[in-house]
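You will see two complexes here that share chain A, one where it goes with chain B and one where it goes with chain C.
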Partner chain A sequence: MTMCRGSCQGAGRPDMTPVYPTAGSYPDFARLVDRDTAQVDRRVFSDEAVYQAELRQIFARAWLFLAHESQIPGPGDFIRTSMGEDDVIVVRQRDGSVKALLNSCPHRGNRVCMVDAGSKARGFICNYHGWSFGLDGGLRGTDGKVYEKDESFEKAQIGLTPVAQVASYKGLIFGTFDPEAPSLEEFLGDFTFYLDIMLDNEEGGTEFIGGAIRSEIDCNWKFPAENFVGDILHAFWTHQSGAQAILGGGVDLGKRYDELAFQASVYGHGIESNLDKVGNTRTLGYPELVDYMFDLSERAKARLGEVRARAIGAVSSATVFPNMSFLPGQNTFRVWHPRGPGKIELVSWTIVNKNAPERIKDLYRKGVMMTFSPGGVFEMDDGENWEYSTRVNQGFVTRQQPLHYALGLGSEDLERDLPGIVHKGSMNDANQRLFYTRWAEFMEHDNWADLQNGATAAPARPKAAAE
Partner chain B sequence: MIELCNSTDVVEGEILRRDVEGFPAVALTRHEGQIFVFPDTCPHAEESLSEGWVEDGRVVCGVHFAEFELGSGEVHNRPAGCPNLTFFTCEDRDGKVFARLKEEA
Partner chain C sequence: MTDILDISRPFAAYDRPADAETERAVTRFLNAEARTLDREAYQEWLDHFVDEDIHYWMPDMETRNRSDARGPYRHGDSAYFDDTLSELKVRVARFVEPSAWADNPATRHLHLISNIEVYETGDPSLLAVCSVFTNVRNRNETDQDVIHGRREDVLRRHGEGFRLARRRILIVQNVLLSKNLNTFL
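For the complex of A and B:
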């Protein structure tokens, strides 16, 4: 591409239509996950080239969590967030729909929105030359009287680059930069069955309360994502002292662990649960919340069925691939934004049922702050582990040593009437293996047909599925 | 004074643009029943004010969001260097809007 043919006076006009990058194929990186030996090569946590491939293959293609509908209820309400390392404005339109726009002026690239969130915005004006963009991202005008007199200036086709697709699932707004990506529901697949435990256990749905908590952790983004996708094992060691302080005893598996506990995975999204009704809620330390959860679980049977009603407050955790996680019953909800191979920006919120009593919402807000915030008991426990798991790989010899992901080999449960790839017991590396298998599929495949029909796709569900 | 349009053309809360021969384009709006006439061109960056809107008794420029009080033209939320807006004297005579326009092109 030649920018200036001859004297830069040519008749060529700028083509300002949005550019959506295409995917490639990185089979060498895909092989860093060895499914046969249940090992993961540590270069996935430290290598800059792998990280750049992740931005292209995963974060420029997958549906990524953008915002909760409750954060931007009215026209002009907006939040600023990230998709990978891309800065994005998520804004409610005058017709009630939601658009997401790259937060970068097409003129010299400066950010057009500097604040984290706001309400009733009229548009976004670039600080550099005063280019002004409407809520829909279109260029409304420029500063000064220069462009208006330049007859070759074509305002109509200039705007902030829109995120290619935006869609909602039960209050959660997602976006993808890939115009070819399948629908959000196809991307989530049968995992919506498990998302409903958190999002649809009561009439009225959910909302975020109390603002966002932002922090940085010097770890690779996949350590927290894999932790929430299926690592309850660490709680019995990492969180034992914190749990004893809050609960007056150790982390409890629940009396029916062997019978009830499971992991389920669909397209790398995963949940593990002990189905013990209130184990996660108990960790917030408020007996009133435990009473509320027992009652909610009883009421939710009609809506969700017996199994999922037991999961609402249970010892459990979940990740939607690649980087959105939550704890049912504990009600922390978070996104792990990558900031290079060795750093994340963590943004977390408290999610509650919209129709919950105010007193209950307030206890959740306080309880989540005390446990899963930068100063919270459990967050501090986790952060240090993930930082050292990442940092040690600066060692040249250290990073040649593969990591062990082999707990629960052969534990797949083919009998259980639950959607997804189901394994017995929540203490199991199964979901983490499938998370990295999904990661490898994104590295390997340059098309969605292969991506949606590989090893992480859920088996077809029997007709009498556990609805 | 110059005749601009029928007074019924000027709707509460809407901004109407009128081209008048020999003068820069003008804009009209109605607020709480009263008609206001002002230059269509924003005094800041020459954008069209009729592409903006009326909010809480002020004309809002749709480009850089300067707000001008209807009547006095006093500017609020202005970008640096944006002056007040000058409103034209106008009258509703038997269903027609007349205004005293200035001849600056």
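For the complex of A and C:
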């Protein structure tokens, strides 16, 4: 665009069509993850240039969790969230579809939505000059119609930049800034098999309990994401005190650990589970919920099959790459929003089955609060670990020392009839290695063909008929 | 249940200030409670300051438009605390474990309580008490977390003293500017 000097009429009209960034390639950063030696270079947690590359390569391209359908049930219902560090409004349209819009006025850039959430909005008005936008993001008018009276003004193509693609998977709304990104289902791949443990174990699906708990942790966003992708190991040491308080003893691996426990990974998304039916639910401390989970697990066999029915309440955890995590059976659901290399905003909710009895939903709300909220007896001890894992890398020499991710080398399970890259045992660094391998793929590749056909893609191997 | 014991109903229109002697006694109670929490004497806190019928609630504070009927918080939605005595006991049980890493080495606590107002209620055994607090936690070398908020307490007369029957904690933060809440407010 070239600006005219003011004498011409219209030749310098601004082109206000949305700009979606293109990806680059950062092979030097990709090499910070060494798959051959199972080591991760600490600069991935501390380097500002790496972080800026993450915003471009990962957060501007990957499908990111935006909202649960239940948070915005009707037209004009909206929530505000983040995609990377970009502020976004997620709003239900009059036709029932969902749009996500950059929360920034195209005039001077101010936020047009200041609140966490709201219902039945007719649109969004910028506080600065009164530019007003419809639910679809289109410019409806300006204060005093001053702009409209200017004959060179064209408002048709002006609006809040829409997130390029928005799609849902069983109640979860995701968005991507990349118009070229493959469909959400392709991005999730076979991981939907595992998402259904949480999202589709009963007719009616799930919903979020109202409100959200937001907190700041001075850690790199990947530490919590890798923790949920496959680090049950830490539970025994980090969470000894919480387990003692609630269970009166340590975290239980389940009687058939060696036979049942596994990790599975698809495109860096990962789940680990001991398939012990109720281990996670038990940590909430309410016997009534354990009874409910045994019953739910039994009923879910017909819907999900034997294996996944055992996973609904089991000792387990999961992350969808890059930054959405949940605990099956425990029902905390969370996003780790990056706020620089050394800070995150954690937003967490409680997810419950829509058709669960109200009493059960409320016990889940209270149980999640008691365990996985800032005052929760488990979460309390996580934050400091992640903060110091991040902060020590200020030391120049310290950050030259690579980190060890080598538990469970050679434990891949090629026999097990489960989707994804499967490893034996949940106490294993396998999913974390694959999480960082996925991270490296995003750093390396500037196109989705390479991204979807690398080492983290699930192997195409014969499986018995789906359960 | 007396309205005042319904945690979801904010204090409104209490206009009968307690006499000076009661106000002094309540102030002493709240200051002693704060000092007990500063010492991390959580079992003592449960034994001497907390009523068996306690409901201890701290909702998350949403940023909402003034016109939004839901308001910034709502009982039944997510919260930091929504505890009865049995739940407070679980939290205290963690604090006393040597492996409660976020508390070992010890956190240095300070509870500053101010703006104390004491009102009679329709029930002679219950007092409505408003206060504000500054809570400071400092750990290790430079970790410091500060939380400001308002409390709406219902105290139940107990022998010569009081017990905390209700506590509604309304903080001023939307995003909690801390990694955890390893304290009571």
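Everything that follows uses one rule, which is that the second predicted complex is superposed on the first by the 452 of 467 C-alpha atoms of A that agree within 3 Å, B and C clash if a C-alpha of one lies under 4 Å from a C-alpha of the other, contacts with A are read in each partner's own complex, and residues count from 1 in each chain.
We take it that a residue touches a chain if its C-beta (ideal position, glycine included) is under 8 Å from a C-beta of that chain, and two chains touch if they have at least 3 such contacts.
None of the values given here were measured: they were computed from a predicted structure.
Undergrad: Is the arrangement of chain B and chain C around the shared chain A a clash or a fit after superposition?
TA: Fit: chain B and chain C sit side by side once superposed on chain A.
Undergrad: Taking CA centres after the superposition, what's the angle at chain A between the directions to chain B and chain C, given in steps of 10 degrees?
TA: 80
Undergrad: Does the superposition put A:Asp87 against chain B (first), chain C (second), both, or neither?
TA: neither
Undergrad: With both structures placed on chain A, which of the two partners, chain B or chain C, ends up touching more residues of chain A?
TA: When the residues of chain A touched by each partner are counted, C comes out ahead.
Undergrad: So in the superposed three-chain picture, is A:Lys145 touching just chain B, just chain C, both, or none of them (first/second/both/neither)?
TA: The first partner, chain B, only.
Undergrad: Applying the touch criterion given at the start, work out whether A:Asp196 contacts chain B, chain C, both or neither, answering first, second, both or neither.
TA: neither
Undergrad: With the two complexes superposed on chain A, say which partner A:Ile213 touches: chain B (first), chain C (second), both, or neither.
TA: second
Undergrad: Can A:Asp362 be said to touch chain B (first), chain C (second), both, or neither?
TA: second
Undergrad: Is A:Asp381 in contact with chain B, with chain C, with both, or with neither (first, second, both, neither)?
TA: The answer is second: A:Asp381 touches chain C but not chain B.
Undergrad: Mind working out whether A:Ala117 is in touch with chain B, chain C, both or neither, as first, second, both or neither?
TA: In the superposed model, A:Ala117 contacts chain C only, not chain B.
Undergrad: Smallest separation in Å between any Cα of chain B and any Cα of chain C in the superposed model?
TA: In this superposition, no C-alpha atom of chain B lies closer than 10 Å to one of chain C.
Undergrad: From the superposed pair, tell me which chain A residues show up as contacts to chain B and also as contacts to chain C.
TA: Looking at chain A, the two contact sets are disjoint.
Undergrad: For a test of understanding, state which residues of chain C touch chain A in their complex under the given definition.
TA: Going by the criterion above, the answer is residues 58-60, 62-65, 68, 70, 73-74, 76-83, 87, 90-91, 93-94, 97-102, 139, 143, 174-182.
Undergrad: Which part of chain A faces chain C closely enough to touch in the complex?
TA: 114-119, 209-218, 237-238, 240-242, 244-246, 285, 345, 349-350, 362, 365-366, 369-370, 373-375, 377, 379-381, 383-385, 387
Undergrad: What does chain A use to touch chain B in their complex?
TA: Against chain B, chain A makes touches at 122-123, 125, 130, 132, 134, 140-145, 148.
Undergrad: Which residues, counting only chain B, touch chain A once they are in their complex?
TA: 45-47, 51, 60, 62-65, 79
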